[in-house]
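Next come the structures, one after another.
Across the two complexes that follow, chain A remains constant while its partner is chain B and subsequently chain C.
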Partner chain A sequence: MDLSQYAELFLAESREHLSACNQLLLEWERTPANPAPVGGLFRAVHTVKGMAATMGYARVTDIAHRTENLLDLLRRGSRPATDELLQLLFRARDALETAVELSVVGREDELDVAEVVADLEGAAAHLAGPARSAPVAAPAVEPAAAPGGGRLVQVTLRAEAPLKGGRALLVLKRAQGLGAVQGVTPPQAAFESDDFDGRFSFRLDSSAAAAEIERVARGAGDVEHVSVGGEERRAAGPRAAAAAGAPPEATPEKGRHIRVDLRRLDELMDLIGELVTVRGRLNELAAARRDPAVDDVAIQISRLSADLQAGIIQARMTPVWQVFDRFPRLVRDLARELDKQVTFRVEGKEIELDRAILDELGDPLLHLLRNAVDHGIETPAERRRRGKQPEGEIVLAAVRERASVAISVSDDGRGIDRARILDRARREGLVDPHAEALSDDQLLRVLARPGFSTADAVTSVSGRGVGIDVAVTRIRALGGSIDIRSEVGKGTSFVLRLPVTLAIVRALIAGVGRERYALPLTYVAETVEFGVQPTTIVEGREAIVLHDRVVPLVHLRRMLGVSGDAPPRCPIIVLEMGERRSGIVVDGMLGQQEIVVKGFDPPQGTLPVFSGATIMGDGIPALILDAGGLV
Partner chain B sequence: MSDAGVVRLLVFRVGNLVCAAEAERVREILPRLAPTRIPGAPPVVAGLVNVRGTLVTVVEGWRALRQPEPPGDAGPGTTVVLEVGRGKKVLGFTVDEVVDLLSVGGETLERRQALPGIDPTLVRAVGRRAGQLFVVLDTDALLTPILSS
Partner chain C sequence: MSHTVLVCDDAIFMRTMISDILAQAGFEIVGEAETGSQAVEKYRQLKPDLVTMDIVMPDMGGIDAVREIVKQDPDAKILMCSAMGQQALVVEAIQAGAKDFVVKPFQPSRVLEAVQRVLG
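Then we have the complex of A and B:
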């Protein structure tokens, strides 16, 4: 029977459970006497086992079964965690993860699990004690039915239903939401058989009304009959069945979620993008017509599409923990490997970002965290010598700022030795040979040069450059920026600033000559007038002084090679990215509007200051200026 | 439809040159659209146009083929949207006019040969239509170098 369509679902759900396992193991490691994490671990592994058995992934089922056995013994015995046990459980979890990933792509056979399986068995036998060291039973899919435990639910799927096994599985899963499911007959493993005719039963330990149980079961779809506790409820036909399964509003449940393929959200986003563009055109036409009836419709459509757009953007928002959650384990493993002691803290887990941005953040953060453990935090001995706690601290924090999100990776380690970096940078001609010091900004620029640092030259920060180069490139590509702050002996902190969403942003439309450019408001701090403000020269660059701070100017006309002269008085758009500021001199401001960000293939030679392009209300494209490239 | 050995070609004129592109590479034929300049791009790039919501970079045909600039009183011209590099990317290519859509037996096309006025590396073959020679362009060789990567 073909279960491939469930493979993706299996993968996604297993990953979630395995990610939870990591968190629980780390928690248990921190509080070894606390039995709570073990129960959670047991449930997570048990769920993975059940799903894997249904999918026919024998290796996953096997490892999960043995891990579950061990966890069960630990749970019953309320035993505290030992380092040895934790190491084994971490290994088992990792093996399970590998098994899951390989199984889904049909490469289960490549996996050698003998060692971890043997160790799990050994540990279980040891825990059970000589008297109870019964051989580990072959993986059972479900515990045997406890006779009479719970109400008997009998389900018959429609004869014409495709993928009856998967459907039956869905019914069981939904039923599990109401209470414990036991005594599945025939056993779940038989659901995969070609002979499975769509009739099955189970015992449900739940106090829910029979009608509720039936509704939940029918919600899986393709259900012909459901009988609960012998009382048969027959559907009169498809209409009645639909009606019976229909009214979810009548019995609201908390936190109802469905999984949506990201591609569908992307399609919706593209469509709403088109709609926003057409809306702009409609508004222009309506304004030209001066017909109140047309105006009315245009306003309504504007309002509706704005709501729709906000809704779709909201649907794409994902809390950062979905990416952050894998880091505690990573930091722990790395610290152990390097013989360092590190406390890792995560703050602002609930902050949300567009899924598309979040998906790109994993690697850059990984590099930064690795650097922090490897090169930032000192060994316990070194820390003691410097009068610090032997345990170093790394904090990963997300904070919402205006229209952007700032994510920082900070350590309280040794900091970057600027004198050495400066020395090296001078020798390689990366900075002015007479430069006396490196600002944070220059420091980042030097560090982010591909292959800048090599171990021999900058021992205290060896390898720093490797990951930073990757991180800076990736973040810039997302329309964001990176800042660094570092103090010798105190620590280093990287701050990533990212737009909340990529797809639709509010932008200033600036005019330069006869051309238009869009500048996302994300990093616009204010606008002032050029020709009124006195200008000065700082470090060879024209600048203005604003709120006691020097703001270097960029003449867009000159930079973009637009011929002709700028008007004597024109606006300066002040961009602010973290500590850095820049004033963009344009000819005029043409207004503010929502723009749909689209990519384009930049031809050779294109100035590296565009993050994409958008289509204006008149249907003509305008390029979007990338604040990161201008500041 | 496509018999073995039969090639469908879109024949068009750029300056004094009659050229052709394989029809299966042609996504669509549009009137010339006002392009948005891309600062920094070479002059052969006319700019960016909006093809029903998709942004397409347009290459100025007469510059790419080193033909004289069309006179001011010439018609608005046409943009042929072409797939470049195994269909991964799409580029617009401006031509003075589209002349014909031909089905040509492979044997009637002569292998690449030198023709005056055109870089031989851009010529895939030479054909003949109504007594006139035309050049089947290697559109990938012509257009890929214009895209940066």
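Then we have the complex of A and C:
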């Protein structure tokens, strides 16, 4: 049978179980006296073992088997977890994870598991104690003629038969169908021992022919040899039982759930994208025709394709826990390593995001969490000095907001020392030399400059910049934004805002010169008219004041270098990302429509304000403006 | 008419593989269960000709599920799916009324042999 077809399923399911192991181990570590998590751990490892054995992955099976043994001992003993044991179990889990990942790509041999295997063995031997060496039953006794009435039946199971005790019991059960069974040797209790060698005898009170008794005994499977009443009978041929009747005709029927390769969903999404584009064209044609019959069809097609699109997007939605679940372990390990005390909370695990976005989130979140533990949370001593609980708290939370999802990483640590950052930013010419303070936005801009916090910044500026440029770049590429809030002594929080899906978004279509540009609605707050609102100059930038807030303006025409004059009255599209706002001045508004986002390789020298391209209803491409780059 | 089967295992991987092996041999997979209590419930609903039963499952384990099913239907034909090292559990399952067992890793031929023994 071709096992490779099951490899992906094996991988996906093993990952789920190993992720569950992490959660359970963390839970156990929090309350070591409560052995409740051990049952779940045992089951998870046991399941991985069974799957790995089926796939023929020897190393995974081996580590899982030994881990399972240890867990079984812990489970039976209802023992509290010692720190040493927990560390070993964490290590074993990690080794399993590595082994699983390497196995499916055929690199199992690269893994050296000797050390963890030896430690698992040692721990199990220690737990089992001396009682283990006492044999359950004397197994090697040659089954002799058992006393009592009836005919003596002696059975030898095939040497390669697994779990011989179970098989022997099946033989006895079948024999009981012919008459009373007595004098089982060795006693039945020995069947439960792993040492049982597959030779046993019993007395059967039956008038059935010897051949019949043998046939019935062999029917239990894996029987090598049967002798009845001293009259020895040999097997007619190996696997006599195997030929028992051809299987019925094939009518394959599968279960109710299927797993779908993500690439198939991507393909479907592409097709839907093309359908949406054509739908746009159809709508334009229908509008030009003014034929009610055509209108009707166009409306129906619009509705159907919208449903289809919603269905496919739904199929791509994945709960954030699939990425979040690895973080509790990471935060714990890091805190341990740095001698910090951290409680880690995760909220909104069930919030869903497009799989493609979720897959990109792991690294940025990792950077932010690492920073929070390393630079945000103070040492227990320092926290005490500041009148805080010695244990710091980090919260990772997901919240759905309109068309986007906000994911925040907050700590209650020392906060960022703005004075020092400002100082440095001034020296490096990143801000106005006369700037008195850094707003949150400016702070993020400074921190997110590649290489800003290298060298001494890592220590003097609490290293906040480490990886932030990476995180910001990644989130921006997904059409999202990052905001920062930080207060000295109180803590820091980063908020990532992301569109729920990447592939198809509703956008405003704006005209500048002879080109059209699309602006995803996700971050559009409102539109106002330029020339109606008085403009003012704030920090050297033209701005309008809207709802008592300053909104700096960006003239797209100027920015894109379009020649000619702008029309006298231009619309301003106000973008909002968290607390940041920006007004984009365009020539005209051409309406709203769904656009299909296509990847985009900007030619050199292109302004960093485009996130992709799309095909309009008339087949002409338009660039998609990146809200993050404009705000 | 082909025999109907209820496949009980907490791992989708295992259910898929067992279902594939049996479906290719012409059996009709009429249901799947992830826990012992689901297995009992589905047995009641579906009355399958054969049940494959994992031993270690959350909620209610396979052996307890065997007891419950046999209580409902003493003729239930249940094939245990066990792993190496589960000798005592397999013995217990057979005492509870399981008709046969196969040991992971599964070889399709061994699974089909056991199924034939149970149904035969």
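The rule we apply is simple: the second predicted complex is superposed on the first by the 496 of 631 C-alpha atoms of A that agree within 3 Å, B and C clash if a C-alpha of one lies under 4 Å from a C-alpha of the other, contacts with A are read in each partner's own complex, and residues count from 1 in each chain.
What we mean here is this: contacts are C-beta pairs under 8 Å (C-beta built on N, C-alpha and C of every residue); 3 or more make two chains touch, one makes a residue touch a chain.
Just so we're clear, the structure is a prediction, and the values are computed from it rather than from any experiment.
When both complexes are overlaid on chain A, the residue A:150 reaches neither chain B nor chain C.
Of the two partner chains, chain B is the only one touched by A:622; chain C is not. Of the two partner chains placed by the overlay, neither chain B nor chain C lies in contact with A:520. In the superposed model, A:9 lies in contact with chain C only, and not with chain B. Touching more residues of chain A than its counterpart among chain B and chain C is C. Once chain A of one complex is fitted onto chain A of the other, the partner contacts of A:606 are limited to chain B, with no touch recorded for chain C.
Of the two partner chains placed by the overlay, neither chain B nor chain C lies in contact with A:37. Residue contacts after overlaying the shared chain place A:392 against neither chain B nor chain C. Considering their complex, residues 1-3, 7, 10-17, 19, 21, 23-30, 32, 56-58, 82-88, 90-95, 99-101, 103-106, 108-109, 112-114, 116-117, 120 of chain C touch chain A.
Contact residues on chain A toward chain C in their complex (touch as defined above): 1, 6, 9-10, 13, 40, 42-43, 46-47, 49-51, 53-56, 65, 69, 162-166, 169-170, 173, 191-194, 196, 219-221, 239, 241-242, 244-245, 247-257, 259. Residues 270, 273-274, 277, 515, 559-562, 598-607, 610, 613, 615, 619-623 of chain A are the ones that touch chain B when the two sit in their complex. Considering their complex, residues 34, 36-42, 45, 48-50, 53-57, 89, 91, 145-148 of chain B touch chain A.
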